[in-house]
Each structure stands twice: as structure tokens, then as C-alpha cells.
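Chains: A, B, C, D, E and F, in written order; residue numbering restarts at 1 for each.
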Amino acid sequence: MLAGRIAELVECLPGRCTVERFPDGEINVRLEEPVRGREVFLVQSTCPPVNDSLFELLCLADACRRSSALSVTAVVPYFGYARSDKRRSQRIPIAASMVAELMETVGIGHLVTVDLHAAQIEGFFHIPVDGLTAVPTLCRALATQLPAGVVVVSPDEGRFKAATEYGRLLGAPVAVLHKRREDGATTSVIKVVGEVQGHPCLLIDDMITTGGTLAGALEALLQAGARAEIYVAATHGLFVDGARAKLSHPAIRGIYVTDSVPATTSDWPGLSVVSLAPLLAVTIRRLCTGQSLPNLYERAIVGAESEPATRLKPKQ
Amino acid sequence: MLAGRIAELVECLPGRCTVERFPDGEINVRLEEPVRGREVFLVQSTCPPVNDSLFELLCLADACRRSSALSVTAVVPYFGYARSDKRRSQRIPIAASMVAELMETVGIGHLVTVDLHAAQIEGFFHIPVDGLTAVPTLCRALATQLPAGVVVVSPDEGRFKAATEYGRLLGAPVAVLHKRREDGATTSVIKVVGEVQGHPCLLIDDMITTGGTLAGALEALLQAGARAEIYVAATHGLFVDGARAKLSHPAIRGIYVTDSVPATTSDWPGLSVVSLAPLLAVTIRRLCTGQSLPNLYERAIVGAESEPATRLKPKQ
Amino acid sequence: MLAGRIAELVECLPGRCTVERFPDGEINVRLEEPVRGREVFLVQSTCPPVNDSLFELLCLADACRRSSALSVTAVVPYFGYARSDKRRSQRIPIAASMVAELMETVGIGHLVTVDLHAAQIEGFFHIPVDGLTAVPTLCRALATQLPAGVVVVSPDEGRFKAATEYGRLLGAPVAVLHKRREDGATTSVIKVVGEVQGHPCLLIDDMITTGGTLAGALEALLQAGARAEIYVAATHGLFVDGARAKLSHPAIRGIYVTDSVPATTSDWPGLSVVSLAPLLAVTIRRLCTGQSLPNLYERAIVGAESEPATRLKPKQ
Amino acid sequence: MLAGRIAELVECLPGRCTVERFPDGEINVRLEEPVRGREVFLVQSTCPPVNDSLFELLCLADACRRSSALSVTAVVPYFGYARSDKRRSQRIPIAASMVAELMETVGIGHLVTVDLHAAQIEGFFHIPVDGLTAVPTLCRALATQLPAGVVVVSPDEGRFKAATEYGRLLGAPVAVLHKRREDGATTSVIKVVGEVQGHPCLLIDDMITTGGTLAGALEALLQAGARAEIYVAATHGLFVDGARAKLSHPAIRGIYVTDSVPATTSDWPGLSVVSLAPLLAVTIRRLCTGQSLPNLYERAIVGAESEPATRLKPKQ
Amino acid sequence: MLAGRIAELVECLPGRCTVERFPDGEINVRLEEPVRGREVFLVQSTCPPVNDSLFELLCLADACRRSSALSVTAVVPYFGYARSDKRRSQRIPIAASMVAELMETVGIGHLVTVDLHAAQIEGFFHIPVDGLTAVPTLCRALATQLPAGVVVVSPDEGRFKAATEYGRLLGAPVAVLHKRREDGATTSVIKVVGEVQGHPCLLIDDMITTGGTLAGALEALLQAGARAEIYVAATHGLFVDGARAKLSHPAIRGIYVTDSVPATTSDWPGLSVVSLAPLLAVTIRRLCTGQSLPNLYERAIVGAESEPATRLKPKQ
Amino acid sequence: MLAGRIAELVECLPGRCTVERFPDGEINVRLEEPVRGREVFLVQSTCPPVNDSLFELLCLADACRRSSALSVTAVVPYFGYARSDKRRSQRIPIAASMVAELMETVGIGHLVTVDLHAAQIEGFFHIPVDGLTAVPTLCRALATQLPAGVVVVSPDEGRFKAATEYGRLLGAPVAVLHKRREDGATTSVIKVVGEVQGHPCLLIDDMITTGGTLAGALEALLQAGARAEIYVAATHGLFVDGARAKLSHPAIRGIYVTDSVPATTSDWPGLSVVSLAPLLAVTIRRLCTGQSLPNLYERAIVGAESEPATRLKPKQ
């Protein structure tokens, strides 16, 4: 479990707590050790089943404040409802904004999260938010695995900045896919901007849910002449609704995600799960000692403190 | 559906809205018609799956306030987490208090609910709460079905007041069960206070979850010499975790609940579901016209406005 | 004074402050020493004159926050307005909920209180509440005074749980009184559930105001054949409105209360006042050192740290 | 009673409510008629016993919001704790600011008050405050009673502006008393600025509590050669702590106050009580109809609507 | 002035208010007519001098709530600080989020704004936000002016969606510029995605500040072979810091902006200012009557109600 | 700069931060060093350009809370908008109250300020406010400069108390000017209360803006026979709108202000600027160490700790 690994790296015991369900499904949490006057870090991704995960987090926070915790920091590696960050049409909620409000309401005083879907979500909060990035962590794992000549590919404009970051850390060029409707056409065409012909590609995204976006991007890359040697990297691997099937294309040589979402799929040879524990452990350690987190934002390779640094360079 | 029946009685169309799930389980709600400047009544029990139900309600409320609804009233016939109304031990949340806080946070400005597990929950709110009772509604349905000589039985001290109310409306005496530990004994004994010997009984409770409490009460009644002709009435019928099996005792002649919780069990001959729609419809109509709700609190037989009154007397 | 005794046990000087009245009755408080950066414990029961006591507490808290106290903890051994915890009828306040809100508003960040009338009142707060119990403290005082064969009696269903606790600590059986209306009767009859015939009794309650409830219970016990040797124990002794006269029955051999409410009656031989100072002192000491308070909730005999432990067993 | 007189002038029945005390002094209020959807005006001065008055007001407001009142306006003719409007020394509360906060907390949405001790108190609120003045009302009563040649006297610098207003409405000159310490002197001397010699005086103030300030001012006026024919006018007459004795000087020919504070002294020939009912009635009527209150601020003679206007000129 | 034009279209008089400065620069506002019980619409862009504009708006809102306005809606055609919507580095504010918080704090209950820089800013608010778009308004003005064959060009990925909307309304194809760094290069190159060679272009953006972005885009278009006939359209024209000089390129044939920002430049032949008054007037009229604003979101051509509709088609 | 001098005296480095403007005038602040877990003191007078200064302060506070500062204390030597502390007429804001609210909203948890225009402004806040006075600091500078026989003069009633304080510290008598309208006169006359004839005077005020008040007071003093040797002292010297010209009267021999407002006028021989740095440094040092600030309120001569004490006596 992620929390356990973090605790190990922080060299403390994870706080014991019981999280159960009553027969009618109501959540029943109990902190099994005192939190009075202590800084509590609640490690809980709000991943599927998202409403249960979220409510567990809120209940734990409520228990902490009522038990006189000095502070409650939510460590939410995967922040659910992040895509509900604006109103695409009238008369819908902005769920990410509401979730932010709920978290603050129950006394969460600090949020640590990883690769938020939109950076603006920080502004939904008035408490401090440390928005970390898993890109260096993923790149460290990828560096020795990727073939020479690899091109980093963003599946749309929204991830272009992240792709640039992958490119910078891996020393690789970047391409971006563009979905456009030609005049009068009812279906959109994906255009590839950047050189991919004959190159192996690293297709990146912030999260994989059904795998649909990536499957479409894969098609476009192959049509554009990319070598049939595609790697996929994403921070959050939810893999719902037949994602594995969609991503079982022979051109896909490896999929890299972090453990921000507990693996629901075991026994999937192509899938590599890279742990966020070192990143989160160093973050928590610094929060506890009041140190700043500059290099996290500078997107340097953190974790170097707790494990041997990996050279970052494309495989020869 | 309860909301539909209420709308029919209020003689308005139910507001259309879409409540769906994204593939990863996130709730996707959309109000399908304008709410700008309108008083919105969200009819939603927070019953199992409780966290999903609750989060749906919060999302709907968020959509309403962002869409300039004049007011948002949550009509929550069954209020989940109501039994988490105090701290039975250290370091646990008070979930009902937290839920109250969450509801107020997202802009719910008024709560209508039915037979709250503890009356103090009203005090968790600072918005107006109309805590209705389904007892008259149930009694109207029971009145023509119960045998002569029936005794109303409360399964413990906590429901004694409700039992008295049933007794008053049905013109029947009341007994109460007492669970006590005799000196040195490790198991508790249920004592019956009141005359039940040779009488048919109406065993009442506010809610039925697993049916365990009622099954125990049934045993005690039979041991105390009650006639093997027991009726059960409760406002909220959740029937989880094998409740139906526990309540399939031959002495049980009928179980009466309301539709505060959508029926998960069809094809159960012994179960009668009495609709709260008339009670809620008259309440909403009065809220809209600014009328007071005195007789709801006086526990008179409401609903008489919308359907022919039923004589309340024990069956001859 | 309770605060003084607590300070003595905590081995610190009580903070000096002036609490006076202007000629028109307005409260005039002044902290006579700095509180800047300090954890302040305001010891003040909100007992009669309740509004003055409450307003004094609020004024003191306001003075503390404006003077940069690090934290303000209200130690309120007797929490006034606790019986106004729900709406028994329409159009009344829920004063206990409102008082909770007022306390939080003026910056009280933590509440310590004793034997709250209803446990749900904790849920009226969102700040930490440590709801202590005086039952072990009272039992320690009672243990050597009670005759053999004593039965603990709860005057109604609401105090049954507390009575069970007394019984557990004193090794005594428990009985409970039941007030019921027989069919058609206009006056209620008190039924005794449990064996009291020929036994001396310990009649318990959480608070004594006018003494009316206890006087009625006494009558019922004697009619039920209890021995005319009745002891009374309650956490809070307000003794208003002729309570002393009502409780001057020859069968009453002793009344035990704590000093949660300053004694308004001196020279009453039958009255024993047990101090809460040890309980509150150990609580405050632990709060200051960030220790948990587990055994307070476990209802063990606290105070053992500060004074020789008393054996808890019925007098031989 | 003031509320009754106001209701009469507004031509509506005063809302019925019960305000009682439990035997232990706790306030027990109940609105005896529905407030659902109605604009409620709570008329309650926070005069002695100030904490009880204040808490009654808060309880009534809590009852109103819980009963779905559309709005709650507190009409507080005399606003207690107004002199606690700043910190004269360290480590004291600012009670007026705290009271403002408490009122807003319990849902009071609008305040109407009269001659606030300091105009800045409006800024303690974020809700609308209508700070009325009783000076025109008092002047109308005074106009026909004052002798020719009267001089309006302010007892200190703080009331100079109010004195100027009296002077303007009565067509009279103004003088002001100045309390100063001469070099080295330990007692202060009152200097009279303005012509009073041989003139009758109208000594004004916003409130009379113990009468001490006015008694001192009287002495100074007589020493300065004022004619021994002094009238006193103040909006709020609390008359505590021997005020009547202090003000029974033969030179005092009449004392005029309003009914902002219920008269505690009957049978005092020199005291004239002028009712604020017309002023408050016209204010409430305008608030209900959404009219502005400009001439109240303009300090014109309001009330003209509800009773024949009185010519304002010094008696010939 | 925009507010005046809106008032005219809404067929009401604009509310009179005075907005002045004290000699030290402090803002001095006064509402010159009553707002008691009225719905107030404050029309104020928070454009340069941005802090003064913003503070004026806050002062006006404070005056409104203290004067018992029924509701306060801020109509902010240009929302300043919108680009400060996330933290690009550590230790900076999120000014747009803070501004949202300030607006809510002073009692603004509804926001109407136009073409927010990022849609997520709506989520910084919990009050209703109506985020309108000026694109149809601009297109109506452009439709008759643009040459045949025009291509809509987005200057970067962020405006691609808006460009698509322009394209849809004008029946024109869309291209997008891509700023990328080639491997090892220190300066970025702009790539054009889409067909522009030989075509006249409509370069769009949400706002023009210094004109630097557009000047760069112009260069890229010309290098890519676009015809030297470029039109520019943007909702907000701030034109600061030498923007006019930068945009005085001979290839630029016309610049279209709205009056969301009061024109600081007169006598600029190439500049066309299209008024938002019809769009805002119809919005306000609908808000007042409680109508929904569906077609505003649907991005239809609003304003048709108040002025003759303009045919939308590319010039032949 | 004041902040620099304070930091020097506190013996720490001033925190580095960048405060810039974007081309459109939006404020761009960045804390250049970590504040995580640190107590931050933001030294910023809200002096002209007042809205920019205020918004800078708010932005800095927002940056601090989002960067996990332990606490944010605003040190605001000159508190702008302080004269907008009440409603002088209807339908205006109370800007000082609103500013207080804004400061609290963005997470400022403590305010240190100097010679607030009205002491009630403290009550606009619910956070701790340390309202210091510069009078002892100014008196120390004045003591050796003033001629014998000097009289302290308050320009109106509102500053009388401050004048008394100057008088006490300088051992000088006090006079006060009174602005009054004689009967029927349209212009007011200033009367001098106290002995000034033949005396040099020290004319004091809390702030100098346009100099108009002081110029009028000067005239009145000279007319009343004061010696043409007038000194002026004020805490805050804004000197706007031709103040220097107004104060260039030959009778004025020296003007003393503090550096609460950065000097906008250099090369003005008659102007002496006394630094508040010692006062603020000792205050901050005590706040950091949790010491009380009693003698600041006692208005003793602080700063003695950090620089040689100056004898306080009129020059012989």
C-alpha cells in the first residue's frame, strides 16, 4: 500500500486506523491511536469508487479535528473529479470546486496532490496546495527502457506542456496531436505536429481511464508513419471500462503509470507501476520540518535523497 | 418514484435532470431545465449506496446554486448516517454532524426529512429543518389491518416515545422491551414492560436495516407469552444483509414501511409499502405558499387534503 | 473555587483576571496578565445566573483572542442550556446548538465539559470537545459510604446508561423507573423495572435542578418496597426553586454532587460535594502535553495520579 | 410596551410569543404564531438586565431562522455594551464588536437602532444597520416646554455634534463643557465654552446611567453663572445606581428621555418619557415597503406621517 | 459609457452614483438614489488602473449591502487578474482566486462576465457566474467586413477552441499556431497548423494587452505565406505599453474589439469597437425576469431582440 | 526603507520578495524565499497610491498562506481609509470596516498599526490588533527642540486626548481649538480653549494630508495671540495636494512626522522625519517571543531597548 511505503521511507509507523463499512454501507472509521497535538497526513486517493473514497477522507478528517489533531494534511495522489473543473454547459456543478470546498469545510488544512488535471484547481482552494508532478519519477523509470530516437507525443494540446517536460528530462523531441474538423466534415481528423515518421514514440497523458484517447492517438501515430514501437506513460492509471483491451495493441511495448491509484489489474505483463512513495515521502518529511519544496516545483529529480539516483538518458 | 408521485400531488411537473455516471464512477448531473429564480426541491434519500446518494445530492445542490436557483430545499425522506450522531468512543467522526455541515456548505438552505433517528440532529443544522413524522401515515394504513387487542411494542427505550405516538393514534396500549444484564451474566436478557400476554403485537421501530433488533424483540415477545401474531411497522425499510430472511418468521403477519427508501425487494408478500408522497406533497405545497406546518408537528393525520381520509380505529 | 483548585493541582498559578459589573450590569472583564502566545483555559460553568455566566465566558474569550492567545479552551464543567438540545415543538430555538455556535464564533477552539445532558451536543460543535464523566469521581466518594446491597436506580430511560456505569463501578445491580400512562388514565404511573424490594437504593441523575424528578422517583421506590435508605448522586447540583425542601425527605440519607456548580447552599448536612478538580487537572495537564485522554473515555478512575486511589467496592 | 405601540402604528397585530424562564433561569421562548416566509421585526432593547435581554434576542432570532422566517430584523432601540466600543487598555474585550458578531451569527440580517453611542459601531456589522436618531422626536416634545433664551449644553466634546443638532432644531445656541487638568493639578476642572451666563440651559446626552456626568455638568453650569433653570434631555434613560437622587437637584426643571429603555421608575414628576414608537413605526413601514429612509438621516422631523406635526420653536 | 448604453437598452435609468477621489487618492463613493430592496447591477470592468477599478467595485458593493439592496450583481465585462489563475511557480498568489473571494466577501451575490481568460475561474466562485461570450457579437460585426477565403487563426493552443467558434459562426476554416523549441535551440519557432497560404486571415485572441503575441503571430503567418491581409479580433482591447505601435503593421487591415474596456485610444482609424451593451442588456433583462440564458451558452447570436439581426456570412 | 530598518534592528535579514507590475498594471508579487512554517511580518503602509498599496498587501498575504506560512502579521504603520470609519450619510460604504474584512479574508491573522484615526477600528477586526502610538517616539525627538513655555494644541475635539498625551510626555499645558457656528452665521469660527497668548505652540494631529486643517488652526492660534513660533507634529505625513505650500508659513518653525508614509518630499528643510523602526522592531521582537506589549499601551517610551534613551523635558 502506498501509505505504508511512504511511512517506511519517512521512517515512522503508519498511524493505525480502522476503516470499515456498516451493513448498510455507511463508513465506519476510527483512529486507533491518539492524534492529539499531532500533524496528521491522510494518504487517500479519491479514485474509484470515488464517492466512497472521498467520503472516507472527509470522515477521517472529521475524526482528526474532533480529536484535536494539530493539523490535517490530505495527501491525495489522484484527485478525483478533477476534470469537472469548469462548466462545459449550463446547469451543471463544478464538482472539483465543490470537493475543494468540502475538504476545507471538514478541517483539511493542507493538500498535497500529484499532476492535477488542471493547474487552476489549486485556486479552488484557499488552503496551501502542493501540486507535485510525477513526471521526473516516471522519467527515471523510463530512461533506461526507452529506445534511442524516441519522440514524446502529447495526445492533444492540453498535455503539450507536460510532454515538453518529459522531452526535457529524457532529452527527446516532442510532437503533438491535433484533433480538427475539416470544413464540412462531421468526424474529426487527428493531425500530427512534429516529426514522428520512423521513430518510436512515448505517448504521454496525465491519466488513463478508458484508454480511448490513447487508442485513437496510437492509430494516428501509426498512420503518420511512426515506428510500431509505442510506449505509454501516464501518472494516473485508472483502467476502467475495458481499458486493458483497448491498450492491448501489438505496437504498444510498455505502459508506465504510478501507484497513485491502487492497481486493480494484476498479471498484466506490459504494465509497469512506478511508486510515488519516494516523492511523497520526501515531501512529507520537508513539510514536517518546515523546509521548502523548491525543487519539486523546479521539477528536478526528487527522491534522490532516499534512493540511488538514476541517470537520465535515453537508452543507447 | 417518490419524487414523481410528489410532483403529481403538487400538480406540477417534476424538474427534469440527468444523473449519470462517467465510466470511472464520477457523478455527472445536469439540470435539464432552468432553475434561475426558482425554488428548487431536491428529493433524494441518502440511502444505500449512501455515499453515492449523498454526493449526488451535493452535486445537484451545487448545480442549482451556480444556476441561480432562488432557494434549494433538500427533501431527504431517509437521512443516512443519522446513527452516527455522537461519539461512542474517542477518535471517531460524528458523521451526521459533518453531513449537515456539508449540506449547508453547498448551499442547501432548508431540509425536510422524516423520522430522524435522533431529534438532536436538527441542532447540527443552522438552516431550517422540518422534521416530519411518518407515524400518522403508517397508522392510517395499519388502522384497518390490525387485529383487535393489539399492543404497540417499542424494541428499546429509545423508541418508547414513538411507540406512545403509535398507541395514541391507534388507541392501543404500549409496552417496551428492556435489554439488561443480570448480575454477573455475560449475555443480556430482554424484559418486557407492559402487558403483552395473549395479545397480538405491533412491533415498531424507526428503521429496519439487518432486521436483527426486531428478530430479537420478536423472540422476547413470544417468550413473554405474546400471541404469535406480530405486525411490524417502521418508517425506513433498508432491508440489507439478509434482513428478509431474519424477518420471515411465521409469527410475523405483516411488515409496514414507507417508500422513504426505494424498494430493493419486490415480490415479498408480507411487505406493505406506504407512500410518503402525500405527506411530502402537502409539506412542499405549504412551504411554497409560506404556510406554517403546525399539524405536521402536532402529528395529526396530514394528507387528508389530497386523498380521502381513512378512519383511524382498530379493526373490530 | 474550582479554577483555583485545578491550578493548584496543575501546579501553576491561576491566571489573574478581573470580572466586574458596571453599574448598569454590563460585564467588565480584564485579563490581568499577558496571554500572548499562551494556551488559555477558561474555567467557567454556565450555571445560574446562566446568561451572565455565559456572557462572561464569551467576553473572556473575546479578550483572549484580541490579546493574541495561542489557543482558548473553555472548561465548562456544567454546560447550561443543555436540555434545549432539540425542538420539542415548533418555533422554538435550539439553544444548546446556538450556544455552541456562539462559543465557536468568539474564538473558543476547544471545549472540555462534564456529563453533557445529551451526547449529541458534541455534534453541535465542529471544534474538539472532550466530554468527560464525573461518574468514576462520584463512585470513588460513594464507594465507602454506601450500604451493602445497594441498587443503582435510574429515574427514567434517559439515564439508564449512566446508571449502568454507576452499577459497573460500584459492583451493584441496576433498576430503572418507567413513567407510563395506563389506558385512558390522565396521570402517569411510575413502574420500577428491576429488583428494589428491601434494598437500599442509589438514585442517580445527571443534574438536580428543582428536585422534582428525584422526589417523584423516591416516592415510586418507596411504594415499590425499597428500603427507606436512599442515596442520591448527580454530577450537577443546581438546587433551585425549593430543591432543598423537596429533597429533605427522611429516607434520603445522603446527596452527592460535584462542584461543577458553585455551592449556593452551605450548611446542609446531608449534602456532600466532591471536587472535579483532580479530573479536570489531569485533563488539562494532558491537553497541554498533547497526551491522549483514553482512559477518561474508558471511564476508568482518573485522578489516581494526583491523589491516593480509593478502592471501589460496596461497603461491607 | 414599545413593541405594542409600534404594532398599533404600523396597523398590524404584534406577533405573539412567549418569553419565560425555567426555574434555573434559562430562557424559554416560543413564537406563538407562524413566521414561515415572513419578515420578522424583533423589538428588544438590550438594556438591563443586559445579558438576559441580549440572550432573549438571540434565542428569538434562532427560533425565527429555524422556523423559516424570510428575514429577521432586530429593532434594538437601546444597544447595550455600546460604550465597550474600543480597547481602553490591553487585554479587554470589545464587547460591542462581539455582540455585533453574535447577532449576525444567529441570523439577524438587519439592525435598526437609535442614537448609537459611537457611529463606528455600524462598522462592527456587515449587515445593513439603520442608525436612527431620537433628537427630532425629543425636540418636538421639548419645543413647547423650554423657556426663551435656552442654551443647549453638551457635557463633553463627544456629544458636541448631537448638541449642535439639538440647537439647530430648537433654534438655540450651543455651549460645550471641557474637562481639563491644569498643570500639576490632580483633579480636573470643567470649563464652559460658550455663553451660558444668565441663561436657562438644556443639558443633553445620549444616555443617562448613574447620572454622575450630568450632576457634574450641572455644578459647572451653575458655577459659570447659568440660570438655575436647567432641563435635561437624553435618548436613553437607564437610571441605575441612585441616578434619581443625583438628578433631584432643585435647578433641574425637567428630564426628557425616550422609552428606548422600559421605565423602571414610575411616579417621578420631573421625568417625561417620549415614545419612539412613531419613529420606529415609520421606519419599519418603510423597510417593509422597500422605501428609503432619507429623512431619518437628514434628521428631519419624522413621525409627521403618523401624528400631527408640532411646530418647532422655542417657547415665547 | 457602457453602463449608460445598457441602461438605455434595458429601458431604465442608470442608477446615479458619485465616484470620486479624496485628495489622498482614497475612493469616495456614494449611491445617489435608494437601493433598499432593489436588485442592483454594478457595471464595472476591472481594467487598468486595475486596483482602483477593483476597489471601486468593492466599495460600491459594500455601500449596496449596507443600504439594504436586495441583491448585488457585479457585471464585469473585463475581469482583471484573470491570467493569474494558477501558480506558475512557487510562492506567488493566485490573484484571480483571491479577487473572487474578495468579491464574495463584500456581498456580491452574482457575477456576469465576458470571455473569461480561463473557464476554471468560474470555479473560484461559489456564487452564480454567468460567463458570456462576445464571439457572436464580434462575428456579427466582422461578417460583412471580412474578405472571402478568410482563415481564422488561433495564436496558440489555448485559444484554439475560441477560434473554432469564430470559424463556425463565420463559416471559415481554422488554423492554429504552435510555438515550439527545436532540439537544442534556445529560441522558439512558431509553426502554423492548417492551411493559410495565400489566404487572408482573421487572427483572434481573447485580449490584446501589449500586442506582442499578435505581432509575433502576424510574422509567423506572413512567413507561412498568408496573404498580407490580416484582420484581428479580440474581446478585450487593453492596448497598453505601445500596443498601437506594434499593431500598426501594413498587413493589418482592421482590429475589432468590444467596449469591455473603455477606449483609451481615440482617433485610430483601423480600430473598430463593437458594443457589448446589447449582449449585457439582454442578459440583465433576463436575470431580472428570472428567465434562463440558454442561448447565451449556446453561443447563438443574442442581441437580436434589441437590434435588427445581422446576417452572418462571409463577405462575397 | 522602513522594513529594512526594522529588520536591521530585529537583527534578521528582511525576507526577499519581488513586487512588480505587469504592463497592464496588475501586481506581480513573488516571495523570493521560503515562508513554509515561518511567522511572516508584512510591513506595508496602505498609503497613496492607496488601492495599489492595499492590493499589494493582500496579494502578499495570499502568497504567504498558499505557501504554508505559519502566520501572517500585517504591519501597517499607516492604515489607509481609516477616516471612512462610519457612515456620515446614507448609502456610502464603511471602507475601513470593509478593508478589515478583506484583510481577514486573505488570511492575515494579526495586525500591527500605529495611531489609528479612530480606536474603534480595532473592533472592525476579530483578529488581534496591536494599535501602537508614535507619540512617545515623536516626543523624544521633539523634547530637545521645543522652546520653553510651549503649549500643545489640538486642532479639534477629536485629537484632544492625543494632545493630552503629548502634554503629559513633554510636561506642557494643552489647549484645544473649537470650531463653532455662531447663531445665524454661515461660516464657522474657531475658538481657542486654553492659554496660548504669548506662548509658542506645538500643533499636533494624527495625520497631515492637504494641510488644510493645520493651516486653519495656525490662523486661529495667531489671531488668539499665540507667539509666531509654531511647531507641528503628526504621526502620518501624507502631504498631498499642495500641503507643502499650505504649511510654508513663516510662523511654522518645524514639522515632525514619522516614516509611516514613505517621504514623497525630499529637500524640505523644515521637515523632520522620525523613524518608527525602533518601535516596530521591539514590537515584532516581542510578538515573536510571545512577550506582552504592556508598556506600548502604557505609552511609555519604548525603543529605549534599542537606542540610548532621550531625556524628555522641554528645552531650557
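The criterion applied here is as follows: a contact is a pair of C-beta atoms (placed from the backbone, for glycine too) under 8 Å apart; a residue touches a chain by one contact, two chains touch by 3 or more.
This is a predicted model, so every value here is computed, not measured.
Chemist: Treat touching chains as neighbours: how many steps, at the fewest, connect chain C to chain E?
Modeler: The distance in steps between these two chains is 2.
Chemist: Return the chains common to the contact lists of chain A and chain F.
Modeler: Chains touching both chain A and chain F: C, E.
Chemist: Which is it for copies chain D and chain F: same residues on both faces, with over half shared, or different residues?
Modeler: Chain D vs chain F: same; shared/all numbers exceeds half.
Chemist: Please compute the C-alpha centroid of chain A, do the same for chain B, then give the distance between them in whole Å.
Modeler: 42
Chemist: Distance from the CA centroid of chain C to that of chain F, rounded to the nearest Å?
Modeler: 52
Chemist: Please tell me the distance, in whole Å, between the geometric centres of chain B and chain C computed from their C-alpha atoms.
Modeler: Here the centre of chain C sits 34 Å away from the centre of chain B.
Chemist: Scan chain A for residues touching two or more other chains and write them down.
Modeler: Each of 34, 66-67, 87, 89-90, 94, 97, 101, 122, 126, 292-294 in chain A touches at least two other chains.
Chemist: Taking the touch definition from the header, please name the shape of the chain graph: line, ring, star, complete or other.
Modeler: If you draw each chain as a dot and join those that touch, the picture is no line, ring, star or complete graph.
Chemist: Identify every two-chain combination in which the chains touch.
Modeler: Pairwise, the chains that meet the contact rule are A-B, A-C, A-E, A-F, B-C, B-D, B-E, C-D, C-F, D-E, D-F, E-F.
Chemist: Which of the residues in chain C end up touching chain D in this complex?
Modeler: 22-32, 34-35, 47-52, 54-55, 58-60, 62-63, 66-67, 80-81, 83-84, 87, 89-95, 97-98, 101-102, 105-106, 209-210, 238, 240-241
Chemist: Taking the complex as given, what residues does chain F use to touch chain C?
Modeler: Its residues touching chain C are 110, 122, 126-129, 286-287, 290-294.
Chemist: If you look only at chain F, which of its residues touch chain A in the complex?
Modeler: 33-34, 36-38, 65-68, 70, 107
Chemist: Show which residues of chain E lie in contact with chain A when the two form their complex.
Modeler: 85-87, 89-90, 94, 96-97, 101, 118-124, 126, 131, 157-158, 160, 164, 173-174, 176, 178, 180-183, 191, 193-194, 292-294, 297
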